[in-house]
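Naming follows writing order (A, B and C), and every chain is counted from residue 1.
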Amino acid sequence: MTKPRNKLRLATLVALSLLSGLAQADRLDDIKKNGVLRVAAFDSNPPFGFIDPQTKQISGLDVDYAKELAARLGVKLELVPTNPANRIPLLTANKVDIVLANFTITEERAKQVNFSIPYFASGQQFIARKGTLSSPDQLGKLRIGVDKGTTNEIVLREKYPSATLVAYDDTPFAFTALRNGNVQAITQDGPKLIGLLANVPDKDKYEIPPFSISNDLIGAGLPKGETRLTEFVNTSLRELEASGKAQTIYDAWFGPDTKTPLTRIFRIGDK
Amino acid sequence: MDFTVVADNFSYFMLGAWPDGPLGGAALTLALSVVSALASGVLGLVFGIALAMTRGAAHNVLLLGLGFFRAIPVIMLIFWTYFLLPILFGIDVPGTGTVVVALSLIGGSYLAHSVHAGILSLPPGQWQAAAALGLRRGQALRLVILPQALPIMVPSFINQWVALVKDTSLAYVIGVGELSFVATQVSNREMVYPTEIFLFVALVYFIFCSTLELCANRVARRFGTGAG
Amino acid sequence: MLDELLAPKYLGWLIEGFGVTLLLSALVSVAATALGLALCLGRIAPSRLWSWPARAWLSVFRNTPLLVQLFFWYFGASALMPEGLLIWLNTPHHWDLALFGVRWPSFEYLAGFFGLTLYTAAFIAEEFRSGVRGVPAGQIAAAQALGFTPLQVWLNVVMPQAFRISLPPLLGQYMNAVKNSSLTMAIGLAELSYASRQVETETFKTFQAFGVATALYILTIIVIELAGQWLQRRRPAPGAAGA
């Protein structure tokens, strides 16, 4: 009976050293040591993160920021595709180092993860068939498609408890449900909806009514307690704004010559 | 219907971003299936033999453990392995590894019962004859029982593997870029072709699974155990 | 992380999701058993007019993933439906049946039920088929010798025994229906797995949310297993085959 017990002791030791390793290590050092920055980004939400049909790689506004961060660290960038619901589990389960996926900063989330300073701002808006939705008062009577694991879902449930919510894995699923008539409206952050509608062949059938029901600030999500990594991201974001690089990234996806022209109302450091 | 969307993205469906990125699509589905099939086969054999050779408390503990994996939905086990093992025990299993572990544990648990049933299906006289020849229990199993029982089990192994190929599609919930996942990515980008894309994806799985099933029937006929 | 429990509100969500899971799996099991029986009869029919379509159905539905089938029914097939039918399916209708009104199910529910039933029926048909094969040929010959008509042979000799032989694997298929119903969360049906993800989103209590859901699934499987053992003891299969 000595053999199994030794094995058990060994396993305990290994587990303990792993755990203490997790507690002591500083993620910024780990990233530099491993030479890889693991970033979770959307793969189905143009222009924030989507699979480029030519390169077959994830690209978009969030990805451009990820590339800048990796370049500053002098490490390789590894992108992990995510949907909205997997963002926090990916961080808490130590599957990625940073989440750059249109991640709204909230107090509740801030208890689970660190946030950088905001690098984007938006408001929660809706897409509906033309003529079905003109004011927020109508929301309570509608069947509305939301994305699982988003603040949109929580905000809508709190503000319009009588609305029927159907949650999908990602915005395009919700939009397909809207197109098929399963829901009457879908909700997401305005810029994300604009990006979505820009890629729809029959976009003239739909509209984004000109009201929003919340104002959201978007930041990078980081593992809880990783102060140095958070500081690094904050500094980098400020420098990207100062050098004009942040504006270049914005213009590449929302500038006047793009499919989704949108005036830049928020600059890094505004809040 | 307009299947140009399938033609345009064909290499992404088949190989993912490879060679410029990790292997994905149907190729990854195949790879995940083969590795999980082998692992589930080994687990099934080991636990099935253990079921046949154990009595009492050990037997019951084994039954309970196997029962757990037969009762939990695949999606739940994938979530547990991927998100909760790292939090609870600090064990980090990458996405592809998670799928292989979850599928082979579940597949192995089902197979263990088939293996057990296969061993039990042999008349007890076989064991007695082996014992009379002076073979120990382990030797009897290896030399007398298994060579007869294994062919009987072949159809249930292949049926389990067909189930396993289909279940690789659940890797989609944790973002592993197998066929179903890359298909939803493309469907999400193109927006208006879900019918065409999912019909095509179904066809690919159909080809994989029915090829396996054809093999099963052929093997079953060869061993005279009826069509699978 | 382990010391915090879920607030009653969130437990309520999980219980509600569990109710949807149970109702959906029960409805699917009943419908799939009927459809599976019909498919089995078609499959073993002497005429190719019947057996080939049944064979094709079984092959297609058994050899493609349920997730892909659900995506197809929910997103793909509804894109093909005429707009009028879709609108009709999506608007709540009321039928007042004798005592209680029946609430019109959501389109997610319809698609989930439809997809799961077609899938499960294909597996149940095969279980029935091996049940029928398990009835000794001598019994049929004996019944014919006694002057039974072919229909009587089927109804009185083959079917009752085939049912008993297929009972254990049939229960296995019902368990699969419960577990497979978890996939309908991908098309927005608010069942147990969906509820657990939703609770996780709001509370971030991943462990508790998944833990409760997993426990409820396992509980359901255990109950079906026990019910099966009880049924088996009451009416053992002929010759104790398939035990």
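Operating definition for what follows: a residue touches a chain if its C-beta (ideal position, glycine included) is under 8 Å from a C-beta of that chain, and two chains touch if they have at least 3 such contacts.
Since this is a predicted model, take the numbers as computed values, not measurements.
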item	value
Pair with more cross-chain C-beta pairs in contact, given A-B and B-C	B-C
Furthest chain, CA centroid comparison against chain C	A
Chain A and chain C: spacing of chain centres that average the CA atoms, whole Å	37
Whole-Å gap separating chain A and chain B, where each centre is the average of the chain's CA atoms	34
Distance from the mean Cα position of chain C to that of chain B, given in whole angstrom	22
Per-residue multi-chain contacts in chain A, two or more chains	89, 92, 173, 176, 179
Junction residues of chain B - those touching two or more other chains	83-84, 87, 184, 187, 192, 194
Shared-contact residues (touching 2 or more other chains) in chain C	75, 79, 186, 206
Residue ranges of chain C touching chain A (in the complex, touch as defined)	74-75, 78-79, 83, 86-87, 90, 106-108, 186-188, 190, 194, 197-198, 200-202, 204, 206
Residues of chain A that touch chain C when the two form their complex	85, 88-89, 92, 108-109, 111-112, 143, 145, 148-150, 153-154, 166-169, 173, 176-177, 179-182
Chain B partner contacts - residues on chain A that touch it in the complex	15, 18-19, 21-22, 43-44, 46, 50-51, 53, 55-57, 80-83, 86, 89, 92-95, 170-173, 175-176, 179, 199-202
Residues of chain B that touch chain C when the two form their complex	68, 70-76, 79-80, 83-84, 87-88, 162, 166-170, 172-173, 180, 183-184, 187, 192, 194-199, 201-202, 205-206, 209-210, 213, 226
Contacting residues of chain C [partner chain B, same complex]	1, 59-60, 62-69, 71-72, 75-77, 79-80, 133, 175, 179-180, 182-183, 185-186, 193, 206-207, 210, 213-214, 217-218, 221-222
